[in-house]
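The two complexes that follow have chain A in common; it is paired with chain B in the first and with chain C in the second.
Take a look at the complex of A and B:
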């Protein structure tokens, strides 16, 4: 076998022509960026303005960098509300996202119809930003954390179901075949052959979303959907930038703590 | 008893993987299927438990048509047929015991499997299956931490945990080294002889086929080209099945010593 192929080597294939898609894409991207930036067609980005306004910014920045730790006590209720909103929204959003993700993956969906409907609904949910949801729920439910929680739930559902269903698309299908061959029902197959494979990702995504929720609370407050954002907005309005600095520091520490938790959990799960 | 009646499988795309196959396998036999790559061996095996649907004819297991069965009825038929895979198909991230317990899913209510609480009786069955293949001490080890040979034994234990009447094995030793291959094949042979489970094995290597196959079925191009005892199957027979002369690649021992 080897000697035969040595005697008469197969003809080498010719190198396929280079695709122009890459260079063309880069050129198109540069053109579109120019269109967006230029003063004739776009927003007319003026980098000089940044330098010109820097004086004003410097004062604010100096205050922000000198956070007033005495402000701590007054941030406690709003900060707790933010954390509670984030946790509730994560729990509910991720809970709904789990089955939604299984229905949105080709690997686990019962049929093409369910797959398409579920993906369609999720796409619609994801199309709107969380701030818009917050405005809608504030209008529909009244001002307060409930509106913020509802907005975050939809946001979390959209994000987690998308990330998780794509993870499910890539699982090892061998165990699925084994479960089916053993006479397992669909739900049992998903639970025993697919769920353990994506569990670490699910946990990581959920913690990521928790972090996003904490961050989102700063803007949700702007439209009256509860949390630390209201206080932040107030302090900006009063020009108390040392208090603003303290809130930013708190948020930073909170997000950092979640990241640490996420790392340690992931290490134990993988 | 497994009964193929003019069974055909044409895959989407037009490949005829089984052509009008008629074949009977009585209870308790140890059958080895050989044939070139693409001959239809995997298709034949997967037709028995309905993982590959027939496009013509019928296949029955103990008188029940697999081709016509749907939903719960198909699952009941499958629960009586264990399957072993070339790539083991274990959930690597979870324990050996959890993998073996997959063989008990057919007897487990959905809510129990959702919360991961199997009945004590089912755990006992799984443990006994692990004992039979000699790796019960690994019950709480992650499947990923086992060697290939150990993983295949877990695969066998999972099939045994179903308490099946039939075991199908699709190239169960193709990913293993020669000594491990023999160990796994001996396990299958023992299970066939001691428990009387009908065992159907796809094999790549002719020497393994001859040693372990009480009956050898040769496939070529979706058709049955040989059906006889392992003792009768000499070099000429295999040359017939393969439609070419044999090479060192066709024999496990030779492949191992190269």
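Take a look at the complex of A and C:
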């Protein structure tokens, strides 16, 4: 560096040219929003009217916030059914997801074709909401917990296979090389070098979907797929909102308990 | 070394497996209990493949193309619900996210805000729609939109707070050193750092909300869900098939557009094409509404990293 350049104050760098993308993005945003809000093209959202009608919901909300604890006994069978459905669906869904995840990871898939097909199937499974599966299975199997279990299995398969295959992508390759060097075949390599590495995550994900399944039970019952949601739907229909409030509270506590359990289980595992 | 053979070191004893075996046994026992006592007629599963095949046949071979207009219009309403719901969530959650972040807000305030956000997240859109917004706004898309909006406040607020907590403190200090007032510090020190990430969260949430908006119609809260539940109930499978087809195509299309915009926002104009999984669909799993934030946060990270 010469001394002359030191004497002169550094020139201010030139501003980057303004990109047109920013204003274009904002214009697109405003246009879409107008289109969606307006009453002629969209849903006709009128915040003024809502504020005016806010008190219409008060009666119901007041009932929900004053849960009827005497309802507890009648919720027990439905709650048990929800738990049973969640356990069965978690076990089966996670069981199927394990091989599906190994086939969907670049580290363990036998070849590119299997990898593509497996990932494609999993993507399609995840494209539909769980409630839609429930409606389809209710139409095929008629009302009851079986339809709910089938819907949850598909839902769990999609979630676990995705999360687990990404975990497998990130495993330490050292043990794999060691297993190969010792002459292990593909399945043996997976069994001894990959599976032990991802087992803690697999268990954690399984506990996570168990919790998701219990959460989902509220909405599954709305379409007739069994569990506590059926009772919830019934009570909503009768307008017994104090019972509705109790069911919501009960579910919240159940999810909370499962979460505590899974935290302590995972701490022991990891 | 002496001539005598040195004995090989003994193999270490295998760790006890009792605990593990007991856990496995307990889990199996739980599963057997559930299978034996659930009130599901498992024998019906025998017919399931045949029934699904015949349903598929009636749904898609061919779908009722005359129904395309009606179903597409309902899907458009679902998209609009998701858009406005996300917008409501974004507008309300942005300040809440700042108040919930420990590094820019005070301890007690951030704890209270986080508790509030967790409580809001605990209610699924469908429950919010049935219990709160259908009574207020009546049957129709407005109720569903508000339900989506309120639920999104919970999830977006949490993610925003976490983004704010993850900022580089340098620019904040620099802004303070030049004499900026508290609001100016946020404007110049914090917002430029978190905005790209936060806007990406908004778009990501829009994709999730689209799925919610597709089913909210089941409880009369507007959108294509209404059509779906009616046609399936009356076993008009050709019409239901048309609706399902539209949902799948619209969802994948919007995911693709939104994902492209998100990547452009996060990576900037020099966006390199990354091949493989990074370009794939985001993980559309609801972040668990955790009363204990530690776990929820870990899951959220799993979640958003995928997108």
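Here is the rule we use: the second predicted complex is superposed on the first by the 220 of 270 C-alpha atoms of A that agree within 3 Å, B and C clash if a C-alpha of one lies under 4 Å from a C-alpha of the other, contacts with A are read in each partner's own complex, and residues count from 1 in each chain.
We adopt the following convention: contacts are C-beta pairs under 8 Å (C-beta built on N, C-alpha and C of every residue); 3 or more make two chains touch, one makes a residue touch a chain.
Note that the coordinates shown come from a computational prediction; the quantities given were computed from them, not determined experimentally.
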Residue contacts on chain A - larger count, chain B or chain C: C
Chain B versus chain C as contact partner of A:143, first or second or both or neither: neither
Chain B versus chain C as contact partner of A:166, first or second or both or neither: second
Chain B versus chain C as contact partner of A:234, first or second or both or neither: neither
First (chain B), second (chain C), both or neither touched by A:197: first
Touching partner for A:96 - first (chain B), second (chain C), both, neither: neither
Touched partner set for A:188, first chain B, second chain C, both or neither: first
Touching partner for A:177 - first (chain B), second (chain C), both, neither: first
Residues of chain A that touch chain C when the two form their complex: 19, 21, 25, 32-33, 35-37, 42-46, 50, 53-54, 56-57, 59-61, 64, 80-81, 83-85, 87-88, 91, 106, 119, 123-124, 126-129, 131-132, 135-136, 138-142, 144-146, 149-150, 159, 162-163, 166, 169, 208, 211-212, 215, 218-219, 222-223, 226, 236, 241, 244, 248, 252, 255-256, 259-260, 262-263
Touching residues (chain side chain A, partner chain B) in the complex: 1, 172, 174-175, 177-185, 187-189, 191-193, 196-197, 199-200
Chain B residues within the chain A interface of the complex: 49, 51, 75-83, 85, 87-94, 98, 101-103, 105-106, 108, 110, 113-114, 116, 155, 158-159, 162, 168, 247
Residues on chain C engaged by chain A in the complex (per definition of touch): 30-31, 33-35, 37-42, 44-45, 48, 51-52, 55, 77, 79-81, 83-84, 87, 122-124, 126-127, 130-133, 135-137, 140-142, 145-146, 211-212, 214-215, 218-219, 222, 228-229, 232, 235, 237, 244, 247-248, 251-252, 261, 264, 269, 276-277, 280-281, 283-286, 288, 290-292, 294-295, 299, 302, 306
